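After this come two complexes, each holding chain A, first together with chain B and then together with chain C.
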Partner chain A sequence: MKQGLHPVVMIALVVAATLFGRVLPTWTLSLATVAASNALIALGIVVLARTGNVSFGQGLFYAAGGYGVALIANAWGITDAAAQMIIGAVCSGLLGFVVGPLIARYSGIFFGMLTLALSMVFYGALVKTSALGGSDGFNVGRPSLFGMVFTDPREADFMLYAVSVVTTGLAGIAATILFRSELGLASLAVRENNLRVEYLGISANRVITINFVVAAIFAGASGAFALMAQRHIDPQFAYWTTSGEFVFVAVLAGYQSVAAVFVASLALELVRSFSNLYLPNTWQLVLGVFLLGVILFLPRGIGSLWVRERRKRIEPETAAPVAAEKGVVL
Partner chain B sequence: MNFFLTIVLDGLIQASWLFIVALGLTLVFGVLKILNIAHGSFYALGAYIAATAVTMVAAHGLPPSVGFVAMLVSVALIASAVGLLLERGLLKMFYGRDEVVLLLVTYAVFLILEDATKLIWGVNPIYATQPYELFGNVAFAGLYYVGYDLVLIPTSAAIGFLVWFGLNRTVTGKIVLAVIHNEEMSVSMGVRVNRVYALAFAFGVLLAALAGALTAPKISMQPGLSSDVIILSFAIVVIGGLGSVEGAAVGAVLVGLARAASVHLMPQAELFMIYLIMAAVLMFRPEGLFKRETARRI
Partner chain C sequence: MTAVLSVRGLDKRFGAVVAADALSLDITAGHKVSLIGANGAGKTTFVNMVTGYLKPDSGSIALDGVDIAKLSPRNVARLGISRSFQIPQLFIELTAAENLAVAISGAGKQTLSFHSPAEAHGRHVKAVELLARFGLADQADRPISELAGGVRKLVDIAMALVRRPKLLLLDEPTSGVSAEEKFATMDRVIHAVAPDAATIVFVEHDMEIVNRYADRVVAFYQGRILADGDPHVVLKDPDVRRYVTGSAR
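For the complex of A and B:
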């Protein structure tokens, strides 16, 4: 079963993408940084969506990661970009670990509503917490990397670009491995029919919870990048329209291909900056039409443009042996 | 005691317009099984149209009462047309798809309408305060209230009663209820579900826009209005139970009172309180306070 690229090839691609940042003009560099960071959180939504649940409240973990990093960085004087990213991921991962098991009991619309409600609880709390700057938020210092301080803004931009692309790339590789693992396949099975999965002896709730925590970790790291890129944080991180944008990227990408998430995120950022430039106040309009078009004509996302053919060939071959294996185990 | 009364009255005033919005949302969900994210945009649309109508009437030197009537009529006409157009022209294409897909479709509609209102009415705040003075001020238990606010409470109650009456005491209403309970069976009994869908959606849009029109004189219309309102009405219908009219009423009163109470007692907890109630309801009774449990995993 030749499914997709070998991890070594993927690592080479990530390195190439990172070095490519050297030749990019400055404005594309910051755009690509945002795209990579958004791809990371959207990747989390895709991971979760493979269980059939769409989270409309990833802003919760995005903001939790961002605020966690901002507070810890300001209190302990941590400016290292990699450390900040890890702190963000850990903060949100812990939160996801608390929230996940509670939320895994729900599915479909209620899952979406509950995640949205929780992110809005957080938003409401942040807006009114004057110690955290209320609705204005607060600023953080310029990030460094492994003891190096970047005074040249171009170098600083490239550093952030490199760290975010490498992190997102590694997350993409991890997600690919996850998708191909037993857990990843079980996730798809939960999406199709969670009762049958339970009959097969796998806990659907556990599968959802694990995917939820993974999504939370990705969202936290993404929040940390957003914080480092803007050097500012405010409750808007947790607002539902922020989460909605990430869902948009995930829907655009579809749940079949990791590469599609990056393409979708980059496409979104390009559309956003061009419509901001030429047609102010229309980018949401463009986005909405785009989203409708994707749902209508590419229901499996842009990933289906290059994944569809292969899946058709694989499915009949692999379905039988997998079923036989399960039979032996049972 | 006076303080308590203030909270209750403020809460009821809040609840009155929230109820009208939530009623539309819950009806649309009940009939079409669509959780309409664009519902807040219809509220904003109504408010903006009302502002235009009021300003135009005032520009012709006519009294505010004419403006009040003009805004209600224009909003009702435009909103019904928009609702019918959207349902027949767009939503129809997605029936039979997953509930979450329909959620995303309405999210796309929300995005489109958000910018459409910006393009038509601009990004600066718009006001339509003329009808606000229409009913004067009322002294009530030693407190002064704007008459317009107090009129909202019976208006909303009347709308709620009309919807209840329409659903439970008319043939059309019974058909709508039949579709809510069992769509397949209704089709086999000869109900034209397509028409019920179009009617219900247009009516839902109408209710949201009407609430927008009724609150337009109280507020300033600016971008972001729709996303705030949809979040509040989500909370209400989730608390009351998706698809339940009584639930929407109870949810609206709860949210209205919670908002008023926190504004008076603990301003820093305002938004927090409402979503906390909603999250709590979802955790312990996800089908809402007013909905029968179903065997389906939710």
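For the complex of A and C:
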């Protein structure tokens, strides 16, 4: 079993990353905030992907979190960023708890298409609901934190950066613990052979559902951050291209490493920003070439750069004769 | 001796094909029972019904008096029936010890933990101890994808043993094993499962293995039981020789 960083070290890294925001230029601060927020939802997709299922419709939970926060914030006047993040996570977690058990019975392309279909149904409903602003959406107020109101744009950006980095960092630590846990190992087992998992007395559907709910919670919190950053929400949050972007990050990262999700999200934002700056008419092409390059050279994602392949851990030439001596057919 | 497994009037049809035709059978605790029969005779269908993968059209299956005919494989496993497969069903990207760790987690009384490491010390020790019984302790940290077919077969059986089943079903435990190694492999299996599984049912095509290790043989033919009893008697039965072993002339 591979051993990663100790949780205390990870907490220290999160604190360091948060403080690092103090020296970052303003434009980088907002880029990093978007990267952290996208990493959070992509991390959920990776959590789910460990069971062998990819959600092409995480926009459903992203939008549910965002709309939930926006409605509650406007109705009750809640502007606290931490509270809004929790509300977004809870709204989407509850939705995931309803959808998860129904969808866990499907796998592969059916699972992916169902998630996509549900997100598009939600998108359609939002567009047609004039009480929620229809296709234009609606605005929300400036977020505060623990009673502090940030009127200076630089301080407001840093506050949002800090909350999103801390939240995403803590989610990363939780995901790391989850990956190493009994449930995490069972998730990989479900990915490979869910019938065998059932024969071992484990409910594969329950494993998938739990991972699905975790992914929904992360998506809801991410939706809350996107809302806080834009101070506006519209049905585009649930649109399939939005979901596709998060899958894009997850594919870049691979499913082996939590840290890879953060690196992939940051890399994507950097490539997007710089290609948009220097190649404004062809930046999508650059982004596509970047993804193709990663798939071609790192088919298991960026994480495979530092997660050693299991097959390399023990040299085959030393292990094979042992099996032969045991009288087993090779 | 009491019957661990009691099957009565089991029927299963796939269209016009009769896979089980009014099967009735008792498996007594402590026995090693071999199921023999030509391909399509209904052996694997029987195993699949007993383990909950297939539901019988009619009839009853009782484990220690509890009806299990309508239960899922998961619930059948929890009640005490484990199986291995003709083609090993393993998690090939995981190591042998991790495969065992999944089985050990599943055998726990509580639901899977979110935070307890999958290979916590106790679980890892137990995984290696089980592998050691099969002579595979030094293979514990190797991914299944690197292991030979015979080794995978043993890991598959080791996983089935984790729950200390009341009844262990082995589907062709020596298939894919060379003629020179089949007795050594079967000796290892019988020795390794002895502490945890008192009652064993194994599907087998090799009559030498059947003759040597079974203390009861059940011969299947077209979904029915053709003969049932002592190996020395059943294997000499003219009908068995004609329809199952193919040695009658």
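Here is the rule we go by: the second predicted complex is superposed on the first by the 306 of 330 C-alpha atoms of A that agree within 3 Å, B and C clash if a C-alpha of one lies under 4 Å from a C-alpha of the other, contacts with A are read in each partner's own complex, and residues count from 1 in each chain.
As a convention for this text, contacts are C-beta pairs under 8 Å (C-beta built on N, C-alpha and C of every residue); 3 or more make two chains touch, one makes a residue touch a chain.
Because the structure is predicted, anything quoted here is derived from the model rather than measured.
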Chain B versus chain C as contact partner of A:G201, first or second or both or neither: second
Chain B versus chain C as contact partner of A:P25, first or second or both or neither: neither
First, second, both or neither for A:E192, with chain B first and chain C second: second
Touched partner set for A:S181, first chain B, second chain C, both or neither: second
Contacts of A:G77 with chain B and chain C, given as first, second, both or neither: neither
First (chain B), second (chain C), both or neither touched by A:V289: first
Chain B/chain C common contact set on chain A: 195
Touch list for chain A against partner chain B, complex: 54, 56, 102, 106-110, 112-114, 116-118, 120-121, 123-125, 127-130, 194-195, 239-241, 244, 247-248, 251, 281-285, 287-289, 291-292, 295-296, 299
Touching residues (chain side chain B, partner chain A) in the complex: 35, 90, 93-94, 97-101, 103-105, 107-112, 114-116, 118-119, 123, 227, 231, 234-235, 238, 242, 267-276, 278-279, 282-283, 286, 297-298
Residue ranges of chain A touching chain C (in the complex, touch as defined): 1, 177-178, 180-186, 188-189, 192-193, 195-203, 206-207, 310-311, 313-314, 316, 319, 322-323, 326-330
Chain A-facing residues of chain C, complex: 51, 53, 72-74, 77-78, 82-83, 89-95, 97-99, 101-103, 105-108, 111-119, 124, 135-136, 138-139, 141-143, 145-151, 154, 159, 162-163, 176-178, 181, 184-185
